[in-house]
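Inspection log for the structure reproduced underneath, given as structure tokens.
Chain IDs A, B, C and D follow the sequence of writing; residue 1 opens each chain.
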Amino acid sequence: MNKPNQNSIIILYDKEKDKKHILNLATLPEKYSTANGIIAKEKILNTDFGGRIETHLGYEYILLPATLYDFIMKKLNRLTQIVYPKDAAYIILRLDIKPGDVVIESGIGSGAMSAVFAQIVGEQGKLISYEKRQEFIDNALKNLKRFNLLDRIEIKHRDIAEGFDEKDVDAVFIDVKEPWLYLENAIKPLKNGKLIAVLVPTTNQVSVVLKEMERLPLIDIEVSEILQRFWKTNPDRLRPYDTMSAHTAFLIFARKINY
Amino acid sequence: MNKPNQNSIIILYDKEKDKKHILNLATLPEKYSTANGIIAKEKILNTDFGGRIETHLGYEYILLPATLYDFIMKKLNRLTQIVYPKDAAYIILRLDIKPGDVVIESGIGSGAMSAVFAQIVGEQGKLISYEKRQEFIDNALKNLKRFNLLDRIEIKHRDIAEGFDEKDVDAVFIDVKEPWLYLENAIKPLKNGKLIAVLVPTTNQVSVVLKEMERLPLIDIEVSEILQRFWKTNPDRLRPYDTMSAHTAFLIFARKINY
Amino acid sequence: MNKPNQNSIIILYDKEKDKKHILNLATLPEKYSTANGIIAKEKILNTDFGGRIETHLGYEYILLPATLYDFIMKKLNRLTQIVYPKDAAYIILRLDIKPGDVVIESGIGSGAMSAVFAQIVGEQGKLISYEKRQEFIDNALKNLKRFNLLDRIEIKHRDIAEGFDEKDVDAVFIDVKEPWLYLENAIKPLKNGKLIAVLVPTTNQVSVVLKEMERLPLIDIEVSEILQRFWKTNPDRLRPYDTMSAHTAFLIFARKINY
Amino acid sequence: MNKPNQNSIIILYDKEKDKKHILNLATLPEKYSTANGIIAKEKILNTDFGGRIETHLGYEYILLPATLYDFIMKKLNRLTQIVYPKDAAYIILRLDIKPGDVVIESGIGSGAMSAVFAQIVGEQGKLISYEKRQEFIDNALKNLKRFNLLDRIEIKHRDIAEGFDEKDVDAVFIDVKEPWLYLENAIKPLKNGKLIAVLVPTTNQVSVVLKEMERLPLIDIEVSEILQRFWKTNPDRLRPYDTMSAHTAFLIFARKINY
């Protein structure tokens, strides 16, 4: 048996329309109204994951546990461009993020990358997120709370021009408009030998970041972009979808040395 | 201060040639011979990460901590195609792997994906790896031991046609030649509502996997491929490298339901 | 001076909205109504290409000659998927099409590829287009007439299962649902040593075509796909557009031998 | 019957090694030595295209007519980066090149793009190629002569800073290091409403070209890059090749207006 509990984030999956409705049981009303009839919260709590739930009109949904991926793609309230899963995942691996790590990011954006960092560092780890705009903090907080990740995130309402408080963190991630202005500050809290990642959407920004990095004690610089192409799932007519995302961002990684 | 210890995996980075030499201090001789002279292990243990180390001939290396990424790309002894970081990272995120998770994979290959799973599930988590070829097990063991990840990996020398022992695992990853033969078995140990990932290099295999998936209690199927394009780091002549990897594998994800 | 004539295909380019309106002067009414006011045909005939034309309401358009590219992308009435310029162009070069060449294609689709073949073979060359569906012929004829290319195209209303009439043509292009059924017929009219191209959207089709090609006197087989990524034109924020076409078709080329 | 003549460019195709040897019969010795034995020129002249030719040692080649594509990819002597077929083909279509057109290019490079222009404009058309380095002219001349395209090409040994002689040409193509310096000159010979193409390898160059284009009477600007991915031809294990070209150049197109 694997049932949701009062704090679960669940999916009601509409198989017919291939559509996912992501819900937080903690805030769900006792009678939840779908477009196809009402479902009692009680009923959801008594159904195994992977099982069917019918509305009072007999419309069928499948109950699934929501993954962080579902949450980012379908439920996150976006005030900004988000870091996409293909990029977020590579950033995690390339920055060598592990359970227990302490990571700094700035800014918080809509909280997508924050959520991924928080999930991977786990309960023993910590994400410190610097953000200067209160509206972004408020929105991201709401997003991260929904996915029960707030316990391991500390948000600092601060302009990073003023510097960072931490020392000896395992990784730093910078996703702001003019990252070159803050790079010198951003590598100070980083352990020697560890990596910083910078995400920018334009080639002009890549050039300025690279120029600034040349000036700083950073080596082993990598610039890349990641493209993901989704394919249709008809086995007899296998082919990619007609369109794809052509660009999200350029990813820049560098390693801090001590001289 | 952030120095290596007797068990650290370190990089001697040759900045001039932009080349990384990855070493395990646990097995390093007291006098290590580089192509440019000798370095005493003692000297490495007494140098901060991010610092310079000179050989007895005065050639300079930079001491860095090795990341899992470095290890996979530069040090893994390969008997098979490996799962590349761009793919491995996305698999982690898409399968919703977290610290503490229990994951099954088959086969073990050269241990690249195993290493990533093991790093992310952490000390509280566990990877069970099924593999029928002893030579792959031996090689992967050696690889994983080098990176100090063996404590959280259990290897089972077994043909998965005979089924899996586990129950209620958080994710399953299948990377074998004819995955369709084992899918029915492979989803049995999986918690309801959780995801399986299948990796195959050819479109013919994608088609057969999709056909088999249609027959099984699996929904929400996704097929994609990920391309990573690296760029040269000259800020004044910014452009991609001339060549790139054109293909590693197709990634297929599906979610288990209970009917 | 470079003015349109009574048969010109022209563009009224709305610079403000970056939108092209493609018009055939041969069929344009004396008073043409735009969304922003009326333009007299007379006025168009008396304006140099590259010059401004105002409607009676003072809205400004720029008069431009329409290229075949404009025509295919903006004006072609589509009953089918068209062959996109990136693919059509490569097919021309790979099939070695030159002025004066005689080319066979089947089917005619909406006439996009036909138009490109017709333009490149020129007045001395010829395109013979086999098509079994009358509605496609009617639509393509209308499209090709609009761009004044009909003089060098011969359309045959025929199922290619019945074979081809020609001998010693310079190139053959096959764009039908089950090309493998007709390949043996399709290479008969082709000069020895010359090339056939096959266009298919799915990998299943690629596999069957390749299998059939192995059986036939064809060598030097090439399979590829072409991706075009458009970039935004802001020099200070240079980056690709957010989305792109992920797939149009796989292109297969082979060369006929005589044994 | 379709035999080579004294001026044919032919391929001896080594099927076993999938290798093409491109030869110009005009300059071929009476006894041609392959790596696998001698072939008499006489024998080549008496063999139909698509037929077998054996060396005196019994090694088999297939006789094929060389296409322009073969010539560019296998035979062109390269002193510079060439314009690749995927790009060259799109440039032809996007610039709307037709038989009979008059086209200007600068520089001549190794003559790859020149050859494509020359083939498509045909005998009635003309390519005028400006190049300031004598060594490039000499090399390109040799290349173009080999493929019998010199009759329709005029080469001008000139720095384009001095301007162009022509008027009312159908298209202009610029492939030089600092194209922004010459754009104002380069559009002068162009018919109003017609297109110019600029090819550059770096994003920095794209930005400067775009800035200069904003200043000039140019509209309808397009920037793109074209990627071609080749697939292996095994129908039962269909998949892309492992590596691909990641970048050749950015292609910029714009249209001239008269104010």
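Quick note on the criterion: a residue touches a chain if its C-beta (ideal position, glycine included) is under 8 Å from a C-beta of that chain, and two chains touch if they have at least 3 such contacts.
By chain, with names taken from UniProt: A, B, C, D = tRNA (adenine(58)-N(1))-methyltransferase TrmI.
Model, not experiment: these values are computed from the prediction.
Separation of subunit A from subunit C in touch steps, taking the shortest path, is 1.
When each chain is reduced to the average of its Cα atoms, A sits farthest from subunit D. Note: centroid distance subunit B to subunit C, computed from Cα atoms, is 47 Å. Look at where the CA atoms of subunit B average out and do the same for subunit D: the two points lie 44 Å apart.
Put simply, the C-alpha centre of subunit C and that of subunit D have 22 angstrom between them. Multi-chain contact residues of subunit D, defined as those touching 2 or more other chains: 203-204, 206-207, 229-230, 236, 238.
Taken as a graph of touching chains, this assembly is fully connected, with contact between every pair of chains.
Residues of subunit D touching subunit A in their complex: 203-204, 206-207. Listing the residues of subunit D that touch subunit B in their complex gives 201-204, 229-230, 236-247.
Of all the residues in subunit D, the ones that touch subunit C in their complex are 2, 13, 15, 18, 20, 48-52, 62-65, 67-69, 85-86, 88-90, 92-96, 98-100, 116, 119-124, 168, 191-195, 203, 206-208, 210-211, 214, 217, 219-236, 238, 250, 255-259.
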